[in-house]
Each structure stands twice: as structure tokens, then as C-alpha cells.
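Next come two complexes, and both contain subunit A; in the first it sits with subunit B, in the second with subunit C.
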Partner chain A sequence: MNVMKTTDPRLHYLTPLKQTPFHPRTAAENRLNDWGPWAGYTTALSFGDTAMEHSAIRNTASVYDLCPMVKYRVTGPDAAAYLDRLTVRNASKLSVGGVHYTIWCDDAGKVIDDGTLFRLGPTDYRICCQERHLPWLLDSAIGYEVAIVEETEDVAALSLQGPCTYSVLKAAGFDVADLKPFRMRTFPFDGGEVMISRTGFTGDLGYELWTTPAHAIALWDHLFAAGAPWGIRPIGTHALDIARIEAGFIITNLDFIPVDQAVREDRARSPFELGLEWMVDFDKGHFTGRRALLKEKVNKSSKWALVGLDIDGNVSVEGSIIYQNGKTEVGTVTAACWSPSAKRNIALAQVRRPYHESGNLFVEVYALRELQYAKLMLPARVCERPFFAPPRRRTTPPAPF
Partner chain B sequence: MIYDAVIVGAGHNGLVAACYLARAGLKVCVVEKNDWIGGAAVSRELYPGFTYSNCSYVASLFRPEIMRDLELPKFGLQILPYEGGAVFMENGDYLGMHRDHDANRREFARHSKRDAEAYDRYARDVLRHCRFIRPMLLRTAPDPSSFRPRDLSELAWLGKQMFGLSEAAMYDMIRFWTMSIGDFLDEYFEHPTVKAYQAVASIIGTALGPMSPGTAYVLLHHAMGDVDGNVGAWGFARGGMGSITKALKASLEAAGGEVRAGNGVEKILIRNGRAVGVALENGDEVHGKRVVSNMDVKRTFLRHVDEDELPGDFVKRVKAFKIRGSSGKLNIALDCAPTFTALPPNSPHMKGDMHFTDSIEKMERAYDDWKAGHYSADPFQDMMIPTMIDPTMTPPGKHFMSCFVQYAPPKIEGNDWTDADRDGFARACLDQIEKYAPGFKNSILHVEVRTPRELEKEVGLTEGNIFQGELTFDQLLFNRPVPGCAQYRSPIKDLWICGSSTHPGGGVMGAPGRNAASEILRDLRAPTKDMSEAYAVL
Partner chain C sequence: MPSFDVIVIGGGTNGLAAAHRLQSSGRKVLVLESAAAAGGAALGHEFAPGFRSPGLAHVANQIDNRVMSGMDLARHGLGFVTSSVSSTALSATGDHLVLEGAAGASIKGNLSDADRKNWLALRKQLLSFAEVLAPFKQITAPRIAKGAGNEFGKLAKFGLNLRMLGKADFREFLRMILINVYDVVNDELTDKRLKGLLTFDATLGSWLGPRSPNSLILLLNRLSGEVAGQRATLALPKGGMAAVAEAMVKSAAASGVVVRTGAAVDSLLIEDDKAVGVTLANGEEVRAKLVVSAMNPKTTFLKLIGPRHLDAGFVKCIGDQKSRGAAAKLHLALKAAPDFRGADLKSRLVIAPSDDQVELAYNAVKYGEVPKRPVMEIVIPSAHETGFAPTGQHVLSAVVQFAPHKPKAGPDAARAEMLENTLAMLEEHAPGIRSLITHAELLMPYDIEARYGMVGGNWHHGELSVEQMLFLRPIAGIAQYATPIEGLWLAGAGCHPGGGISGAAGWNAAERILREVRA
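Right, the complex of A and B next:
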């Protein structure tokens, strides 16, 4: 049966969750067998101790398996023009070797997904995102000379995050001293190549390493050998989630519902409603959703705001309802944690305008303690994101730790 | 003995109506022409040791509110959800179906990478349409020409549903209700077999092809059901579809109702413009304060009521009601499971619905034969082997195969079906299966072949139409079965209709029966405490 599994493409259903190219290593490290599905892959939720893993992100060096991230390659003479039309940011301005965070909208200006755009060459880009969009990307390409290929399985990637990651890479023989945030560089490795970008989802000093599945295990082993003196350790999704909330980053389908999946029409959100208006470039020419977004901007017709909340006390407020004056329902917490790094009780929330500016907000929490609920109404304040932003994330060259 | 209500026909809707009326304290009698009960939700043993689902063969639409109100689980009803399903392709491959999202995407990707990633948006849109229509199932359609407060408030409710939509969603809704399933699917998918699978639910029970306008809505009618809260899920009734009507009968009897099988209604008795009972074929009369017909609208009014009792315009409209037969059924007792050459060993796909029509074009060609007055030479089949997950229907190791077949016209080139026609129809179906599962024919122990002729004669469905009238937009809501007569009442006082000819239509849903009971109880100002509110769609 095992032989058939690997040779017969029809039998994919026997293993509906695929293993990433790093699975032999992550499986060996996953002491508690704590796995969860992510985009069709088996991924580690934790390797045994979420608090220690989060500590690695903030204090040493952490490694997260990024392979399930959906990836599309956009190539061709019109690649830049196509991405200018597809996304709200200016993709032409992104220089070769650069990366930017971006979003794309439908005609009504509602967000379909967010992701990172890598410019690998003058006519060669890669989109990394959470959800799948092939029909939308292909339909948007009508009239452009571009080729769009889904390449999720062709790339193996690790996210190396934490204050010691520069030192780890140096010890591993990768000189990234002058690599600035949102830049990338390619190095020869294991008879192939590894591309290293100074990017991440933690708001800390960190890098993402991209190679092909054939070199995945060698890359893992090489990093862990080089990083041993700094206490490098693999982390699961739970630890990363705390770090990304501290950094104020949102996740599609957790902090907002992508418009193309929203069964209830009113769940769709515009960039203004997600705090992403800063990236919308109205001056670059037409792009999908521009007309609707301009109208929303002029009419100030946004209905929602995505905000950071600072909450009294230390009880985490996942999924809570937000009230004004303790009685009017004005929104929902989409992500929350007690932040070990900032020592604050923090949350991301969708709040109905204009209550995001009203003050006097409360968060209703049902804290389960030994089978009884403590019902709390905690004062909350809208505050700046990120909640935690160490200067080391941008310092170039990074300081050695 | 004068009953409070005499129900004509022990199909699922007649029994559902009877159960609710009996629970409200009415004296109820159900009369049934066959020696067995069930109508089109029936299980009979036609070959020793084998229980068939002789007509309807899968459950999904049956309203969970009804199962709960009538305590059907207590009376033995079990719905087994099934997985799998496949379309066998001309090129020797197949397209399989999976409940697991990732497995389904990978299976689609074997055939089209684009379609693999198109499914989410498609599913969202179909679910949006379902959410719009579902709350209407357990409500009586308002009469738009009436000024009664209730009609006005129901119309206002309907309007609010409609105007609660964005402009874009409203356009989509109107297009969806009127367009062909082929055109609808073209907006999402590129692969012919992916489209052919999705189109299946749009043509079943409908005398239209996948390229006919109006078929997209029929898809919805099949997609809006659920099994145990899983929207869109389908299941088998354990022990065959007859288990549903058996549980209903037990529930009815526990509530003090009666069922008299074995004698059909000859005539609905009308005195001074009011229905007062029925005369049976054996000359017996069963008297009641009202008569509730589970028969289709044509059979009820054109065959069992004197035409001079009815307004001419009503008769004209009933005659014009579209109830064209489009399908037949093969029920097969098998000595062993078939081996489909396309499927891997131990394939889970055999637990679900299997098809041999791998493109919309092929499906439309099958419909072309119907238009010409023939059964399809290369038919569309919805084939299931319920014994893959329900071993109670056959002896161990044996199987029951249910083949729903389209298309089969009510008449062959204008003439009645002959036995030779029926045999030819069966041969076309069996040959098709044999092509994909060599040796299958050798394992056949018995076949029950049901053309529209048999469906009409045995089940009582006019022209053999399984939905008691087609589910096209012109025959829905306040136009079902005929305008001005959509609230389960008829032009004759105390004569009610409760079958699938009424809103919201066919399928083993039970909603028409419950809605009719609700109207009758309202008319009597009787309490409806045993009728729970329709579940809210959040």
C-alpha cells in the first residue's frame, strides 16, 4: 500500500494532509505530536512548550516551517503592470531584490487577501499568501502578457526569527550584514541555492529562507548545527500567533473574512476598514477596486475599523464582544493574548465606526476557572500597533547577540 | 365515524400532515391505494432478503424540525450520511468526490488546477442562494394579490429578504433563478467533468437539460438540505427510504391516527361545495370534516373530483401545470459488488453517487432523446449502492444498487410504453454500467425496472414526475401549483392539498405536508404547540 501511495496520484485522499519537505525533522522534534492542518498540510501547533517557543522568537532564534504558505509565480513582460493592476500598491516601484506587504481587492474595493510580493527579477515576481486565488489571478491577467503558475509545492521555506538570527546566519556562512529589511539575496547552498529575505511575521529581527524541496533537509540541518550555540529551536503556530499579535499583524480568515469566501455579504472589509489604507496608491493609475476605494475615501463611508486594544488586567480576551458604555455592542475581538514581550493585555479587534474613536470601550470576558465562569467587563483602550516593536528589527547591520 | 381529516395517500407528505394533525388532537385517517405505504419514500422486498429503495433513494432535504417534532428518531429513523461519489470518464479516469476539503481540491486539481481553486467561490455562491431560500421552506407562500394582513406581512417579509441584499447580490439572485445550470457553471469552472458533476442536481427530476434556462434553481433545491446540521450533506435512510415513512406511520399511530392501506380513492366526496370524505375503490366511504390530498394536483382535481365542481379557469391552469415525466429507475439485487475498472482498490467513491456522464454536452444529448420522445440511448444515471454503508438491506456480501435514470419520457413517440420499450430502456442502462464495470451483468439477481408508466401506475405520480410538478421558477412560491391556490387550499371548501405539487415542492422534504397541516390548524384556530419554529438561518 505504501508503494501505491507514492506512485498512484489517484490515492492522494489516503493522506489528505500532506507533509512538508521538513516533516522528517519537525516530526522528530514534535515531542507532544501537537499537529494541526494548515492549507492542506500537517503543521506543528507546538513542539511541546509554547511559552519556551515564544521566548525563542524574542530572545534567541526560532525556526518556523513556512511551506504551506500558498505561492504563485508571475512572470512575463507585463508582470509589473499586471501586479499594479491587481494589487493596491505600486509593484513597479518595488525594486528587484525587494519585498513588500500588499493586498488585493475586488471591484467593490473589498479585500480578497493579503500577502507578500517578492520581486525576483525585472519581469519575475512571487506572491505568497494565505488563501488560493488561481481563477482570480488568471482572470485578472486578461490583456496582460504574463504567465501565472501556482508553485506552492516547488518551494521549501523556513522562517528564522529572533534577535540572534543574524549571528546564526553568519555562523552558517550566510553574510547578511548589510541586508536591509524587505530586501533579499541569494546564496549558493548544497549544490543549489537558498534565497534569504529579511522578512517575517514576528515584528522582530528575522529572515525567511527559500529553497527547493530537494535542499530542505540539508538547510534545516545546517541551520540547527550553526544555531546550536544560540539555542535555536523549532516553533509551532501557537507561539508564532502570540508574536504576530504583539507585532499587530492580521491573518486572513482570522482577523477578517476574505470577500470571495464571505457567505454573508456584510462581512467583507475594505482596506480602510482593516487599517491598511496606507498602502493604497491612488496615483499609480487604475487598479482593481480603485473607483470604489476612492469613493469610500471621499465619502468617508467606511463602516468598520481594525484596531489594537490595550485591556485592563491580565485575562486574555479571545473572541470577546466589545461594548461602549458597557451596553452598546460595537465590535468583536479577532485575536488576543497576554503579551509576554510587552507585558500588556492586548487584542486586535473589529470595531464599528465611529466607536473606534469614542473611548469608553469595554470587553466582555467569560473566564473559565475550574468549571465556573468569572464574568468580567474589562475597560479597553484603542492603541497604536504594533504593541511591541524592538528597534533591532530594523537596525542594519544587525547587532550581534 | 366522521374523521376530522381524511388524508389521501400515505406518502411522506400525507403522513407528515397526518402526524401534525393527530398531535393537535384531530381524528385522522390516511387512506392508501397500495397494500404497502410510503408513496415515493418506499421500501419493498421484491427479491428474497433484499430491501429496495424503490423510488426516492437518498435523504437530505427532510426537514430536521419535522424529524424532531414527530420524534422520528424515537420511532426508528436513522439517516446515515455518506461520502464519496465519482463520475466515470470516457478516457478511463474518474473524478472523485471527497468530504475533506483538501482531498477534494487535490482531486479537482488532477483534472484542472484552476477548477481546484475555483470551488470555494462556487460553494460560497451556492450557499448564499441556499441561505436565501431555506427560510421560505417552512412558510406558506404569500398571495401577492391578497390584502389579508397575513399575506401582506409575509410579502413584506419576502421583500425584506430581497431588499436586504446588495444590488450586486440581487442581480445574481435573479440571474441564478432563471439561468441554465450550464451557463452558471461556465462562470466558475473549465473542466467538462467538473461541470457535469455539479450539474447533476440541476436536472434530476426535471424535464429539462443542463442547457435549459431555469435549471440552476433546481440545483439549489438539492443543495439546501442537510444531514444532522451539515448543510449540503446527503445520506441514506437506514433500511431503505421506506424507513422514513415507516417511522412516520409509527409516530402517527402513537398519536392516535390510523392508516388504511389496500384501497384507493375512487372519488373525493363533495356535498354542497364542501369535501366530506372519500369513496374508495371497493365502494366503502370514509367520511371526514375535511379531505387532504397527498396526490399530485392533476390527479387530485382532474381524476378524483368532478370537473363541474371546479371553476373553469382553475381546471385550465391545473391542466397546464407542467408535470412532465423525465426519469425512470432501476433497482438491482446484486450477488456481489461491481468492480469499476477506473477506481483504485477499496475506493471510498463507491459509497456515494456515481455517474457515467462526463460532460454537460453528453447530458444535453441524453435530453435530446427525451425531446424526440425516446428514452436516452446513452442515459444519465445517478447510481448508488447504499449497502456499501447500510448492510441491513441485503444478505451479507450481497448488494442493492439503485439507478436513477434520465431521460425517460412519459410516452414513447406519443404512444404508451410497451414492455419492449421498458426492456430496451433497462438494457441501455445496464449496458452503460457494464462498460465501466465488466462482469457486472453476471452478478444481477433481480432487476425492478420503473419507467414513467410504472411510476404513474404504482406510485400514482402523474406522468411519472418525481416532484409532482417541475421545479421551474414559473411553478414556485405563490405560483405553485397554480396562482391563487398556493396556500394548500383548493377552490372546494375543506379540500386541501399537501403533496409536492405545493410549495416548496418535491424531494423527501416533508415541508409541504407540514405547511398544509399548519394552514389547516390555523383555519381551525387550533394550537400548534407541537410544531416548532423553523430553525433560524444565522
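Right, the complex of A and C next:
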């Protein structure tokens, strides 16, 4: 790839996408040159064989470049109080060294974004999320003694996922035997540090490794050397997407439109409408959107439901319209795949209430078969998420596969 | 401590009006006022030994008629020295123009026949527009939302009145409603003194210049005011504006309202996300079923409540609400009567030599500077009655514009410069006046903020401008006196229809509360 080396900021347009600190390694591995943009970075969609990459997530060990994920650091004496007010969960209760999945809403209780919150110290947190939110985070800081800094470019991160990842880390010299899910620990590495959290986006055993860009290449090389006996391989976004659908995880701007970006007023969604009401803590005190959400809860005024669907057949149904009784339009599939792990045809979908409980749903699919479409109306059933949840994701210490 | 149904925070005119209205409907009301006496901006003070100011406000032009009769202020001692103060557009050569009667029904002085004729036509038109707008002040601002509880009957009547203007005037209304006052006076008039007076009146108490968009609507707002049953008139209460405050306090007390002075509220008591009372500065808790804040909206939300009980977007909006004041208040103690080249000292004396001079005076504050030649309205209460100054001596009260609320030069330097420039303008129009001054007090917008709690020194507790009127006052979403916190209501000038010694906002708020909340 031809990269302009220049310090003149006016020439930024010559490189509309940035490269992550791991780019020298991912570029060398990307046999089909299959790249896509993610939050301003060029990232691998696949390294040549999506099926094998997904297989690595579920059977061996996979490595995914996480650098483009947007990261904010929140520090200061009011950091916990600030995050309690910003997000719907109780950030004060999150213990130091812990991580939780969370969301934050606007005044009307509509979801702005989801992400993971890391408590690095008593007054030190990191937010990881899909979209950029500095103005909202700063507006939310009015009246709080906190400092908020975007640190996306200051952190290099890899996601190491798969049943053999514990063994790989052990071979790499990182003892995470007693590290429970959603906990983290820091190790010295390469003259610096690497923080390892037992987190991920696959619903499997896995870890995320966090260091600075200066140690990125060394970390990559170290992991691949240690993981070679387990068939460690880099994976692209396509493989990860299959794994996250199997795990039932949603992605901002794919499974819902964040309210601050939605152009159409009716596209905004509340936590109740995304199946995330379980995390809303109404008892922790006030937080942004609380009054609107309480009203929605009391009045049962939610209009949508985010559900998992199990569909007949094996034709993947992404983007399809959902009907009840084959004629009333009741929703849209937001993500779908044939699940290699569950051996089921699965989907995530937004369904207008109360049709999420009505049964008799059909998914309309146009299957392209040698240049001709076959129109299919496939029966679909609302079902529990996750579609695939191996016990190994939680077992501590993990089994040495 | 007896228990109360309602606590009203702030004993200014709006707080007292709301308290009286609520008490009269059977609720037990406690008013908490931080100062030593209730009355807020209507209160006068002794600014030099033996010399008393008539109040921050010094002319009455819009005491709400519901407050006037509902509180029976006349029975509680409110009388008027005169209810038709003339206005004199002062000339530095003595060639004054005197507007008499409501909104200048007749003009004395040298004025061309064309201007005289055109003024009467313009006046008639402005008054007819003001007449249409006037009822709006006495209803809760309508909202464009489902289930907003709009007063559709009254709104329909407003629409009908608008149509009753006739096709030509209705078209003119739509053309002019958002126009600037500079263009209007220059379309119709040529006389600089008259144009200066009109543009001064339109921008009085605002953060707008004559050429700023929408400045005409403030003149219409002024003309839609009513005192003692007369539209668009200027009145002087006997004893100054303080008499309005005193009558309101007496009336409130007579109705059973308890007014506690020297009771500064530190914070709102919130339990289970509901307002249940207040905590005073001395730590004392006072509880009630409802809390009504007649304080500044910014103060109410950002200080008494705090961001932690509010949504982030809301806090940002209330913080961004514009509240810049540009009016300074001058009090002079004079050892003898000044001579404004023969002008009647019982008139409201306006130094606004031309529309351009008003605009130039405004230009300075845009950049945080003091204008070289400020414009002002002068009232000499001691020319009307005793009690303001020792016999033979006088008090000059002036609203001087435009004064920066955040001066680049710093507060003390700006105050000194503003005073000097103001006295120079006075000297130009009343030669020898400087030698009569025994004491001078100039309250800059930041002094007014410190003394009266008006954020930015803005009279209206938030600029009165089109983008902060009606359903946008104080900000969108809380324009109907209710707040995001159950049990907390707003009743101050920061709400519709704005400030001035009127009581309309407080009365409207009480009406809304009575309609929305069961006793």
C-alpha cells in the first residue's frame, strides 16, 4: 500500500483511512487484500478464508485487530458519579479491575451507543464504544469534576478469542488461570505493560489485550509465536460478525440507529426496545433518560422489540422484511447468518410490538440462484439469545484445550 | 413550624403574585425571600444619606391587571402619582419633542407635518398589533406537542382577533412581526429625535440593537402592557416602584401567605425524584407538597438542584440559555434641580439623539466595551413627590444603555468609564448638572446580578427575544411552568411572558398549577 509520509496536515485527504499499529502484520497476512473502513481506519474484512477464520474462533485461537474501537478515558474524583449519571448501569458498583457492558441514552431515553466500561482505578475508567461522542461526554460533564480524553490512538488492542486462548496466553507467559470473565489484570511486557481483560465479542472463551502502539508489533509477534502450536490465526470482520450473531450481540448502526445520528424521528430506540432493559438501574439515583425510561416502563409504551429469530432452511436472511401471517409487515432483520456453530439459520431482528409475541412470523427472502431470484417466505420463530453459548466461556480456570 | 402546601422561592413580584393566587384558592403558601424585605427589583434603597432610589425599575408600564385586581393592590396602598407620564426626547439644543398620552398620542415640539401624520398612522398600527398580542401574556405558552394541555379556546380567540385586523393589516402584521425596529421607523419617519426615542424604547432591557433581527416585537411587547386600565401608558406609583412591592406584600399577607425574609434557599430537597421542600442556607429543612421557584431558571436548575438530578441535554440547554444584560442603573443625588434646557422634570426624559446613536451605543457591548455615548431614560421621582430626597434636593434615576455584562476592561474600570461617559452625556443635555451631584451610584449588569440574582444582569432573567419567547421560554420543554422534577414549578420572569414589574409570569404559573395539580 502506498502511504504518503507527510507532516503537512493539509494533505490528510491523501490518506482518508488510517492504518492501525498492527498494519504491517495484518497487511502481510491479508492474502486477498480484503479491507474495509472502520471508524476511520482500514481494517481486514477477511484474511482469505472466512469459514476457517470463524472456525478458529470456535475451535482454536483467533486474533482480531481492535484498534479502531473508539476509546475514552474518564478520570477525576467524580468519575464514578459522572458515569452513574451518563450510563444506565451502576458504575460505582463496578469494582476496580472489573468490566461491564453498558449503554447510555439521551434525555428522551433513546440509546446513543453501547460499549464496555473498564474500571482501571477508583477514579479512572475507560469507555470503549463504536461511535464518537466527545461533545456528549463533555456536555454530560457539566457540574462534575472529571477529565475526559479520547485515547483511541493511544491504545493498541487485540482480541484473542477461542477455546485455546487460555493455553496460548499461558505459553506466552501470561498467567490468567484465575482471571474470571469481565475481570482484567496487567502484566509487564516488552519493557512496557499489557493489560489483559477476559472480555470479547464472540460469546466464547477469550481475552482482549491492551497496550500502547509502541509495543503493538512485539505483542503480535509474541502471541503468534506462542500460539503456533494451537493454529492461532488472524481473523477479519466477516468471521467476527458470524460469531457475534451466534452470541446474540448487537452493533450500533447495524442493529439500531443511535439517536444522535438518526435522521428519521421514529428510528430512535430505547433500551426496552433493544432487549437491554435488564441493565437499566432505576434505583441508583438519577441518570440521563431515567424519567423518560421510567415513564416508558410504567406506561408500557415501548413500540419495538429486538429479538432473535430461528428460520427454516439454510438461506441467510440479512436485510429481510418480516411479516405476520405472510401479509402484515412487522419488522426487519438487522443481522443474519447460517450459524456454523449452532447449525441453525439465525437472525437478529427489530419487530414492532406486540408482534414479537404473536407467532406466525415469516421472513421474505430473495435467494439469488444462478442469476434468477427465488422468492421465499420462510417461517421464523422468535427464540432465546444467545444462539450459541458454550459453558467454556465462563469456566474458571479455563480448560487447557 | 406549621406545614405548608406550597413553598414559593423568591419574594419578587412574580413570587408574590403566584403565592397570592395559590393561597386564595385554598392552599397554604410560604414565601422564602433571601433579602431583608420582599419585593425584588421593585424595592428601592437608600443609596446616599437622605436619598432613596425608586427601585431597580422606575416606571410602571405593565402591572398585570389580574394581579392588580386579584390582589386588590389599590386597597393595599398602591396609588399612582400619575398614570400618564409623558416622554421627552431630549435635544442638546433645547429643541425637545414631548410625546403625551398613551404611546405618544400627541406630540409637542417642532416636527414636520409629514412626520406628525406618519407617526399617528404608525402608532395606530403598532397599537393594533400590540392589542392582538396582549392576551398572549395571560395564558400558558402553547406547545407543539401531543397532550400539551394547550388553552385552545383562548388560542382560537387570538387567531380570530388576528383575522379581525382585516386583510391588509393582517398582511402587514405578518410582514412586521419579526422585522427590526430600525427599518420600521426609517420606513415611516424622518425625525431623528423621534426615531431615537422609538428605537431606544424597543431595545430597553434587551441585548439587541435597533438593527438586530426581531427588535420590533419588543416594542410591541412594551406597547401591549397595561397599567391602571390603560394600554401603553407609563405610570409612577406613589412612593416609587417600592410601593408596588409593599402593596403586594401586604396583600399577600392579608390573604394568609406567610412571607419569611432573610431566608436564603440553599438547595431543593429531592426525595424519590420528587421535590419535597427546600434546605435553607442555615441548614433548616422546610417541606411542602409543591415547590414553586420564582428564581432565575439557571439558578434554579444549576444551583438549587444541580446537574446530578437532571438529564445531560437539559443541563446543557439551560446553561446555554441566553441571559446577557446591557442595562445599567444610575442613581444621582443632586443638591438642586437640574435643567435639561427647559424640559419638564416630571416627564420621562430620554437621551437617544438618533436611531443611529442607539445602534452605536449597542455596538460597543457586542465587544465587551463601554459605549462612548450611552443612551438613557431619566426619571426624577423627587420632582413628583417628597420622600426621595431632602427638600429642595433631587434624585435622578436613569436606565443607561448599553453596558457590557462581561467587560473586557474588568468590572471596576468599566463601571468607572461607563459612569464618566454617562455623566458627560448628561452634562451635554443639562449643562451644570455635574456640579450638582453629591453622590453617584452606577449599577452595572454584574452589580445588578449580584444584588438581585438576575443572571448576566438581564432584567428578564433570560433575554426576551423571539428565540426565547413563548414555547421556547425559558427553554423548549419547560415552557409551561412545569419542570422535569415532579413537584417543582417555575414562576419567575424567566418564564413566559418575561420580566418587568408585572407579576404576569407568577400569576400564569399559579393558574397552571391550579389546573394541573390537585390540592
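Descriptive notes on the structure:
Heads up, the rule we're going with is that the second predicted complex is superposed on the first by the 396 of 401 C-alpha atoms of A that agree within 3 Å, B and C clash if a C-alpha of one lies under 4 Å from a C-alpha of the other, contacts with A are read in each partner's own complex, and residues count from 1 in each chain.
The working rule: a residue touches a chain if its C-beta (ideal position, glycine included) is under 8 Å from a C-beta of that chain, and two chains touch if they have at least 3 such contacts.
Keep in mind it's a predicted model, so treat the numbers as computed, not measured.
Using the contact criterion defined above for the overlaid structures, shared-chain residue A:Y13 touches subunit B, although it does not reach subunit C. With both structures placed on the common chain, the touch criterion links A:R85 to subunit C but leaves subunit B unconnected.
Residue contacts after overlaying the shared chain place A:V330 against neither subunit B nor subunit C. Contacts of A:G143 after superposition on the shared chain: subunit C is touched, whereas subunit B is not. Look at A:R291: by the touch rule set out above, it reaches subunit C but stays clear of subunit B. Contacts of A:L205 after superposition on the shared chain: neither subunit B nor subunit C is touched.
On subunit C, the positions that touch subunit A within their shared complex are 273, 302, 306-316, 319, 484. Contact residues on subunit A toward subunit C in their complex (touch as defined above): 81, 85-86, 106-107, 136, 139-140, 142-144, 285-286, 288-291.
If you check the complex, the residues on subunit A that touch subunit B are 4, 8-13, 16-18, 37, 40, 108, 131-135, 138, 150, 260-263, 265.
Note for the complex: subunit B touches subunit A at residues 96, 98, 100, 102-103, 105-107, 110, 113-114, 116-118, 120-121, 124, 127-128, 131, 165-166, 168-169, 188, 344, 348.
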